[in-house]
Amino acid sequence: MIQLFNVIKNYGSGKPALDDVSIKIEKGEFVFLTGPSGAGKTTILKILFGWEHYEEGQVLVQGINVGRLDAGNIHTLRRSMGVIFQDYKLLPNKTVFENVAFAQEVTNRDRKKIKFKTWEALKNVGLTPKKDSFPAQLSGGEQQRVAIARAMVNTPPIILADEPTGNLDQEISSEILKLFEEINRNGATIVFATHSQEILKPGKHRVIVLNRGKVVSS
Amino acid sequence: MIQLFNVIKNYGSGKPALDDVSIKIEKGEFVFLTGPSGAGKTTILKILFGWEHYEEGQVLVQGINVGRLDAGNIHTLRRSMGVIFQDYKLLPNKTVFENVAFAQEVTNRDRKKIKFKTWEALKNVGLTPKKDSFPAQLSGGEQQRVAIARAMVNTPPIILADEPTGNLDQEISSEILKLFEEINRNGATIVFATHSQEILKPGKHRVIVLNRGKVVSS
Amino acid sequence: MNSATQTLLTSLRTTVSNIRANKQTFLISVMTIAISVGILGLFLIIFFNLNALLTSWNQQVQLVVYLKNDISPSEKSDLKDIFKSNSKIQSMEEVSKEKAWEEFKLTQKNSVGLELDLGFNPLPDSYKIRFKASENRSRHISEFAGQLQKNRGVESVEYGEKWIDRFEKFMIFCQLFLLGVGVLLSLGLILIISNTIRLSIYSRQDEIELMLLIGATPSFVKIPFIFEGILQGLAGSFVSLGFMGAVYSYLKTEFRPSIDSLARGMELQFISQPFLLMLVGLSILIGFVASYISTYQYMQVLNKR
Amino acid sequence: MNSATQTLLTSLRTTVSNIRANKQTFLISVMTIAISVGILGLFLIIFFNLNALLTSWNQQVQLVVYLKNDISPSEKSDLKDIFKSNSKIQSMEEVSKEKAWEEFKLTQKNSVGLELDLGFNPLPDSYKIRFKASENRSRHISEFAGQLQKNRGVESVEYGEKWIDRFEKFMIFCQLFLLGVGVLLSLGLILIISNTIRLSIYSRQDEIELMLLIGATPSFVKIPFIFEGILQGLAGSFVSLGFMGAVYSYLKTEFRPSIDSLARGMELQFISQPFLLMLVGLSILIGFVASYISTYQYMQVLNKR
């Protein structure tokens, strides 16, 4: 369960990036987060995984008060999440396979399963042929899929996806969407930030619309 | 005028990224380049501005044989182009304003005009309020718009845009598209790689479809 | 396998793959450490050999006590008792006036080239006394000499030669100066090494950021960097000690004749074992501290957001 | 304003904004250069002062020519002619046998404490000759001495004292050794500096790549980096020369008494002006070469694609 109560986030200058945002997302829900460029979508996700502080309000994730976490224990929160970053954040010195495996090593998973699970995640996003390539040797869409695979590989209870299909064509996009829906069916909560009307159109899931840091519709 | 004759590009392992591609784009044309992830769109653009070599074929850009250029004179080609990179390639240590101004400094433009032209380009993409921010302080869509402004600021005769609206909402996307069309009306040739059906739908411009390194329709 | 060893193993694996992925920066750091340790090592070699030379020359300092011609046997044995009761005296040699005169004539003949033959002996009996090597030996000698001078049976006391005194001053000056230089040198090189390590970590900020973002504990992030720093220190010091070993044995064979002529019996010294260990330890410590501080600082910056 | 000055101005502006944007790496490079130049400078100071000391002690080397008692006036003037024709002789002093005997008796009295009074003078007349300072003076002296020895009017020849000979050997050994150490030191520090600059450019590969992609000429990319390298060299050497100046004046006042006792009249030397300029020039050169090579290499890598 994810809850934001009257959250205000101000990056310093100008208007706040989030202005009194309250959102409630149930466990196992699939929610789209949308809104124009600069609306605050990424900011909400960053707050949810403890990457940005906020000035006012409360944020609860699975009963954890995110504002109370510090450098020493924030990893407990982050381990319950798979995050797809808008700019991917792949390690340039590691291959596709190593990038995905690394997400498991970081969380001290069982070594023997790492190989198998990496392989499976890469198959899901259709990247097995590219497993030994470095990120710089991939197309934009391929890089994005590595980021998706990395977020899913630990089968976390929550997935935060920031514009995960921005560089993917319609066909792959809808496959990826199906993948998210399957994970969702298996119990994961999914927060999916997107601009794409094509993805939002079917209207199967709740859509939270942001504009200039405020929730416009939910 | 841009021409590719039977170009083959092989990154080394596996199938070639471009397999016998021939494309002809007239001066002043507006062309969409589309195709699934990994089709070779970025590769074509990279070849056009001399960032990747190709194994076979010929590439002519404004009468220049691209394959003949070397490190000493490739800048003459690149100065005739504005490029929007799929991953933006903004300099993290420079502000938005400096990033856009830098593109003019690099090409030794008249100092006095730089300020004015930078200001104008930022206004076109709606980023004047963010001019003193650093790239890390921008949302994904804002970064993308900085990249667009930088490509346009020198009013080059050719614009290569690689997925320039992937992180922009529909409204801004269509504004940006209008901007490209205006530039095109003023005489610039535009090659616009995109996945977005919404952008392609109106059907006002020629669409080149790539798949697995081959031109499927043109 | 418990969790701690598991973490350790993972960290080691991560360290190895990090090094492989950043070969160039790793090698640059190792090279910088190697050069720095090499400079410090050479400095130590110079310092120790200068010390050894000083000690070997210092051995030659002796005290000559000339006796009055009319010294009584009891005064003579009193004097011997004084010598015996001084624990710092190494050896004592009695030189009769006849022997002294022979020697004197010989040196005169050798140096000036003329034979003295006076028909009588103007020199007195004397004692030649050597002292054990110790910190403040020369001060002790001059004090002891002052004491003897007052003794009734003693005609005069002569110790050292002017050049030894002067040379000793020079050596002490050198030692002090080199000590100061050594401290400055060490500080400077430590700064250089930690800057290099800092720069190499600087270029991997994104990696640190990502690790934290995907749920790594702070120690999981730090430990591989720290291991890497330690490894750099270890590798750097080993490379340079190897090189210095080579330089040492080259100098030893090459310069043996000149060393022998400077101080017979003195060996050209390498860095003594404790200092060798100290150098290795120091460079490991610097690698450790520099990488620890750099990652720690950068993580602080990240956490402040 | 023509195109070249325009380019230069733009490059300078770019350099300044680059430095501002990468303060930390710039300062680290400057610090590394400053430390390295400081080490080299201290080394030069040691080297020069050792040399000065050697020269000052060497002044005391003199040749004493003892004449036969039965030397004829023509032989004596022949000898004087030989002295006059030798251009390396600085001064010549005639010492009568009477004066020599007085001096000898005085030193005997001072050192051994006994008065010689033989009633006759066993010493001959002599000449004391001092030589001009030159590279191979002591070899020249010994050759000249060998020559004189064969002269009929000469009883014997004495030059130097044993300790000077030995000390000179030690000094030459020191000089050679320090020269070797200095070469190693310079090479090591040059490597360290160029590695640091390389690392700092390494962390700016993306910038280089982007500049080329948006149409910069290779020289437009290189020049600001090279300017930066030169500035680092300049700043680094100035910082360290300032620091060394301070150390120098401290040492000069602090150690004046001991220096005076070592070699009267010798001044503690700072790095001489040509070497000062050389150090500044060297560090600028290293900054230039290292940044040039690093950018060049990286651009080669980029162009190969």
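We just call them A, B, C and D in the order they show up, numbering each chain from 1.
One rule holds in what follows: a residue touches a chain if its C-beta (ideal position, glycine included) is under 8 Å from a C-beta of that chain, and two chains touch if they have at least 3 such contacts.
Since we're looking at a predicted model, the values are computed, not measured.
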item: Steps in the shortest chain-to-chain touch route ending at chain C and beginning at chain B; value: 2
item: Euclidean distance of C-alpha centroids - chain A vs chain C, Å; value: 61
item: Whole-Å gap between the CA centroids of chain A and chain D; value: 66
item: Whole-Å gap between the CA centroids of chain C and chain D; value: 24
item: Graph class of chain-chain contacts, one of line, ring, star, complete, other; value: ring
item: All chain pairs that touch each other; value: A-B, A-C, B-D, C-D
item: Complex interface listing, chain D residues touching chain B; value: 3, 6-7, 10, 13-14, 17, 21-22, 206-207, 209-218, 220, 299, 303, 305
item: In the complex, chain C residues that touch chain D; value: 24-25, 28, 31-32, 35-36, 38-39, 42, 46, 53, 66, 111-114, 116, 118, 122-124, 155-158, 161, 163, 166-167, 169-170, 173, 177, 181, 184-185, 188-189, 191-192, 195-196, 198-200, 202-203, 251, 255, 258-259, 261-262
item: Contact footprint of chain A on chain B as seen in their complex; value: 11, 14, 34-38, 41-42, 86-87, 129, 137, 139-142, 144-145, 162-163, 166-173, 195, 197-198
item: Chain A - residues contacting chain C, complex; value: 49, 51-53, 70-72, 74-75, 78-79, 81, 83, 85, 89, 91, 93-94, 98, 102-103, 105-108, 150
